[in-house]
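Two complexes come next, and they have one chain in common, chain A, joined by chain B in the first and chain C in the second.
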Partner chain A sequence: MTDHSTGPATRRRGALRGSLWLGLLALPAVAFFLVFSYAPMAGLVVAFKEFDISKGIFGSPWNGLDNFRYFFSSGDAGRILLNTLLLNVLFLAATLAAGVTLALMLNELRGRYFKRVAQSTIFFPYFVSPVVIAIMLQVLLSGPAGSGGAVNDALAGFGLPTVSWYTEPGPWPWILTAVKVWQLGGYMSVIFLAAITSIPEDVYEAGQIDGASRAQMAFRITLPLLKPTAAVLLVLGVGRIFYGDFGTIYAIVGDNGTLFPTTDVIDTYVFRSLRQIGDFGTTAAIGLFQSVVGFVLVATAVLIQRRYSKETSLL
Partner chain B sequence: MTAALTSTLAKSSVRTATRRRRRPEAFTVISIIGVTTFMVICLIPFWMIVSGSFTDEQTLATTGYSLIPRPFSISAYKLIFTGPTLLGAYAASVFITVVGTALALACTSGLSWVIARRLPYVSRPLSVFAYIPMLFTGGLVPLYLLVTQYLKLQNSYFAVILPLLVAPFLVFIQVSAFRQLPEEILDSARVDGAGEMQIFFRIGLPLSKPILAVVGLFYAVHYWNEWFTALLFMSDVHKFPLPLLLQNLISNVSFSQMLPTAAEQSTPVYQLRLALTVVTIGPILLAYPFAQRYFVKGITLGATKG
Partner chain C sequence: MPATSPAGLSRRGFLAASGGLSVAALLGLNGCGNSSTGSKGAPDTLTLLLPGDAPTGWDAVLAKVNEKLKQDLGFTIAPQFIAWSNYQQQSLLKFTAGDTFDTALQARWLNMIQLVASKSLVPVGDLIGKYPNLSKSLAPELLEQNKWKGKLYGIPQVNSAARFHHFTVRQDLADKLGIGEITAFDQLEKFWYDVKQKQKITPVGISSNMPKLLVAFAPVGWLNQHDWENPHVSVQTFSGGSFPFYLAQDGKTTGSAKPIPFWEAPGVVDALRRVRKYYLDGIINKDALNVDSSTIGAQFESGRIASRWAMTDGLSSQSLAPLRKAVPSAQIANVVPIRGGKNAKPNQTFQADNFVVLNVKGQSNERALQLEDWVSIKENHDLISYGVEGKDWKPVGTDKFEQLSQYGFPGYALCWRQTLEKKIKDITPTEEAWFDWAQDYDNFTVDPYASFVPDVTPVKRQDSQVSAAMTQYGNPLWIGAVDVDKGLDALRKAVDKAGLADLHAELEKQANAYLKGE
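Up next is the complex of A and B:
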């Protein structure tokens, strides 16, 4: 066996050695996934245990489905599941609609400079931390002394009654939806604009020959051609529908119990019961339930989407 | 012949039509108004924060917020830049962002490269391995137990950095970017006797600078804004990163007692809160013109890939 031998065997060994080196490159990420993604999946056995922190995950006694029974028989389950679904459906529908609308409108802008400035501006909220959004919302809705705020000032200016927003659960699904549109409208519009630029120019030329107005072109040509992109985003969104967007909602609502009837979602509920009650078993059970339902939802969505448009399928 | 003629005719008529169209149509006008309105809505909350942060606390309390700061006051900013707490939070956020982004970028690039090379028996299982966490997660409780009971990372910045280290979505963006590198270049390096590592570090990475910038920015923004893991795992006030400190200022006004106060004067809590918000957004604003271009590239790539 010399350095100069060039048989297929050595070459294969060389390739193998190459793969080993390459494997080394992937190692940190693999370790990350094992520790922070896969180990917690195994840790879900806590959902079936009467967890005792001193005994650890595997030393604690089993208690079957008690944790699940406890959650579903408590009065909270229905409200939380409903809130989670309702809010996420609102968020998804509103951000998709806003994204499409903004993209269609941006597409109409002719001035290059204005278009670029507009795009940069509406994209900006995507960079803003949920905590900062929470503060902006306080400025708008509550003011420094706990009353007033810019919106109330405006309402008073029009002679309308002011609202004490932070004690009134009713409007909050809409407020949170508005926040989501503010935050993600620009982001979504960029995705749709990218899809618009890939529409071949001659489709529009044909439309122009037929005497279509700009509005007709937008609604009869562009909009239908955006469907596949919207479908992909919808599937991605459906996969997340059972997750409560914890960061934003908790930053805004926090521990303000008055607003829980309309804003408490799975994630915030889990976080609170973990922090305040320390009930690991039940919260893990809710988490498992959430993961399973989420998985079923995304799998169903992908299958349905795949049936209707093969070429844009995700998997 | 006739077909060719009609098509030329059509083309010329299209051209004259586009040229003739001087007066914008209703839909175009509506669009301009619509986009401008949304632009204003995007900027107003931010402007109110900036304006409020320069408004005297007393005025804030009595007349509320306004679009023009009157009387003008910079006392909140003075407090921020003289107190150790806030500078500490800034340092914490910078550490989390810089170290987190560097580690995340290294891990993501390494994994993506191996997947992108389409190695038999390796690449495909690896991509499935990275895909599954997008579909199914262990949830909060196991993660909490892992970090606090097994890794004992409480009050360490790594408790914020590590759980978010690799984002599967960004892995797939990187993979598709790596796959666009011309194979010939890699082959010629191989012929010249470069090892796999050399190819990665000396050719793959330098040729992928734009996508590294994109992915790096995604991670950087994420880490800069991250407060959930900090909320979960940090209890030592002196180690709070910026967003968590801000959150504390919202929910807990008495927290402001920690801040340095000028002798007799009381702390301008609300003004301070707004000033701190401005300071938090600051770095993002500075990086924005550069970042936005790359971000658009990144999400466009991700969208067309999907």
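Up next is the complex of A and C:
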């Protein structure tokens, strides 16, 4: 006699019921992404419209690619794209290098309490708001009424000429990079330190048996084994390479036009355009362009990583 | 046997419970969304956009205002203060994003031209008559002069007939340096250089929202000596931060406005070179592109700046009390270095510098107008303008008041009424004299383009790009941060590429049509 209760149809029903509950479990996440990530994409239609507030997004007339032409015919596009790429490459390279270096140094510290204090101290700038950083920088570089500042005082102390930092665009990529390293070096080092702790102890023991010095162990064992972590951070960074670090750059530079030649990035340009012009169409077009190029870059980075280092690939 | 969790819950049970909780959470969130939407009826609270920082003691005054408003009209207000350095951009952004705030301060020098063009403002001309206190407090001439193409787009906020920018200076320093009373631009310049040399403080304080009024502005550029000696220029832009064109003064007789780019106007390039010299010599603060107006105000009141911008609105003297806390012997004076002094009859459009505008997307335009009517009643006007009587201020005579606290509301953003305003008790003699001068229409020449407001719609895109170029190349040039020849060259190239020729042609067309009465 066949037991129908355990037959294939019943199992299918059971599986279906299980899937249903699983589906329900996923529902909030799906709803979240639908509402906050996918539904707003409908607004991208503004990029192809002559936006008129009285007619709304969908009532405004279409204008083809006019909004894209605005950006590319402004004469600013080349400079902004170059700044965005250059600054982000600088930020990424400098923060990764600083993170690895600090992690190696912290790993070599033996005093437990000193290590903790040092780690907390270098991690602290991660929590400092860009606005506070901007004020600190003003004190260092500018001073009262825009002339002076601690850096200029130091330069003058060495008999060097002082610099009007807020009207000289040249040094700003390096100033901003130094700020990023100060801000993110400690954060990155914690990630690398976590990776170092996962390196099996017997690898180091083998190194010791072979007579490796501490420096040799750091450079021949620790550093190579940090490569996968660095690769993942690099891919994540490349994915965001088309997004200028808006918070920090805007808080520091603001609407100071003299610094735009080296500091204006896509995000600050979009924000300024929207604030000053109030033209949603143009800014949406630039934002869409930024997203598409960002997507292409991250896809390319992941594919390259898959080809050369499949074991650490994100996909 | 079903898989069982360590807690004894079956896998199916766990899934069912989690799924149920998920749905409940979703429904809960949905419920939250509904409850925050609020009812569709008249709003209980109006939202107002105000510039600057909330005044000291604001919470106590607002509580009284709301208590009285609730009693009188059945609603309250929740003003949002936006820092001056961001006000122009943020208020525009809020309009374009379709925010449902009810009123905002707007002006031609802010975003009013774009907002009128985009139909974001409620025309109020025909509505004001329905509100007796409001219409009684606004002169018919005022309403007439502020119409654009026959329509009034905001409630003018004025406390005088004309508005004329000038300087507040540290008179104690001028006396100490042997300069005495300053009446001409040359004397003012000497004062600045002497201050720089002998006092070691910043002679002129400029904030990041000022560059556009320093050189090419009507009827005088603030640091343009030529204009102070010939205060008869008409300058027009398509929008607040856009490119300034000078229009012909004889347009009414020739029928042609002949707009020219600002750099072709007499005295402008000289003024740019002068400002550059001031910048290099440390006469003006080198952080002008980064510092906001409240910081400049605070620096003036702490005795670190010798002169700053002023308007004929009777408000400069309010700085004296805080300044004296830092420098007990301080004295201030209002300096209008105009050739001919009070007989100069400079150009004047008589248009209000500030308007309370109603947002077409506001919750209730009717209640917004009720509010403007309510603040036109003397008792309410005084409460919001000067604070709680006896605590924040007390009356002195019939037209003055003594400030008892630090409370100071930006009346021009909500409740300036020429007939209701009081002067501060300690108003300096120079300020009072210039304030009185600004009350009389006969002291001015009517600008030939007094009610001409260019419509930006046909050249919106070019104007946007030109405005962006002005931020990048114009502002550093205005404050003297770049070499004049190089800066002008860079600006010319940028605005040419951005479509200056189109703006020029369109302005000429519209200005000529205006002269013909079209």
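One rule holds for everything that comes next: the second predicted complex is superposed on the first by the 278 of 315 C-alpha atoms of A that agree within 3 Å, B and C clash if a C-alpha of one lies under 4 Å from a C-alpha of the other, contacts with A are read in each partner's own complex, and residues count from 1 in each chain.
The rule is short, and it goes like this: contacts are C-beta pairs under 8 Å (C-beta built on N, C-alpha and C of every residue); 3 or more make two chains touch, one makes a residue touch a chain.
If you're wondering where the values come from, they're calculated on a predicted model, not measured in any experiment.
Novice: Between chain B (first) and chain C (second), which, if any, makes contact with A:R272: first, second, both or neither?
Specialist: Second partner only, chain C.
Novice: Name the contact category of A:F33: first (chain B only), second (chain C only), both, or neither.
Specialist: In the superposition, A:F33 touches chain B alone.
Novice: So which one touches more of the residues on chain A, chain B or chain C?
Specialist: Of chain B and chain C, B contacts more residues of chain A.
Novice: Return first, second, both or neither, reflecting whether A:S129 touches chain B, chain C, both chains, or no partner chain.
Specialist: first
Novice: Using the touch definition from the top, say if A:G254 reaches chain B (first), chain C (second), both or neither.
Specialist: Both chain B and chain C are touched by A:G254.
Novice: Is A:L25 contacted by the first partner chain B, the second partner chain C, both or neither?
Specialist: A:L25 contacts both chain B and chain C.
Novice: With both complexes superposed on chain A, which partner does A:Q138 reach: first (chain B), second (chain C), both or neither?
Specialist: So A:Q138 meets both chain B and chain C here.
Novice: Could you say whether A:Y70 touches chain B, chain C, both of them, or neither, answering first, second, both or neither?
Specialist: Only chain C is touched by A:Y70; chain B is not.
Novice: Figure out whether A:V89 sits in contact with chain B (first) or chain C (second), or with both, or with neither.
Specialist: The answer is neither, since A:V89 touches no partner chain.
Novice: Considering only the touch criterion stated at the top, classify A:F280 as touching first (chain B), second (chain C), both, or neither.
Specialist: Touch partners of A:F280: chain B and chain C.
Novice: Starting from the residues of chain A touching chain B, keep only those that also touch chain C in the other complex, and list them.
Specialist: Common to the two interfaces on chain A: residues 18, 21-28, 53, 56, 138, 144-145, 254-255, 274, 280.
Novice: Write out the stretch or stretches of chain C touching chain A in their complex.
Specialist: 11-12, 15-16, 18-20, 22-23, 25-26, 86, 88-90, 92-93, 95-98, 111, 114, 118-120, 202, 208, 241, 282, 285-291, 299, 304-305, 360-361, 460-461, 464-465, 467-468, 471-476, 481-482, 494, 497-498
Novice: Flag every residue of chain A that touches chain B in the complex, lowest number first.
Specialist: Listed in rising order, the residues of chain A that touch chain B are 18-19, 21-30, 32-33, 35-44, 46, 53, 56-57, 101-102, 104-110, 118-132, 134-140, 143-145, 148-150, 153, 182, 185-187, 190-191, 194-195, 198, 205, 208-209, 213-215, 218, 229, 232, 236, 239, 246-247, 250-251, 254-255, 267, 270-271, 274, 280, 283-284, 286-288, 290-291, 294-295, 298-299, 314.
Novice: Inside the complex, what are the residues of chain A that reach chain C?
Specialist: Residues 17-18, 20-28, 31, 51-54, 56, 66, 70, 73-76, 138, 142, 144-147, 164, 166-167, 254-258, 260, 272-280, 282 of chain A touch chain C in their complex.
Novice: Spell out the part of chain B that touches chain A in their complex, as residue ranges.
Specialist: Listed in rising order, the residues are 10-11, 13-14, 17-18, 24-28, 30-32, 34-36, 38-39, 41-43, 45-46, 48-49, 52, 60-61, 64-65, 106-111, 113-115, 117, 119, 122, 126, 129-130, 132-146, 149, 162-163, 165-166, 171, 195-197, 200, 221, 224-225, 227-228, 231-232, 243-244, 246-247, 250-251, 270, 273-274, 277, 280-281, 284, 288-289, 291-292, 295-296, 299-300, 303-304, 306.
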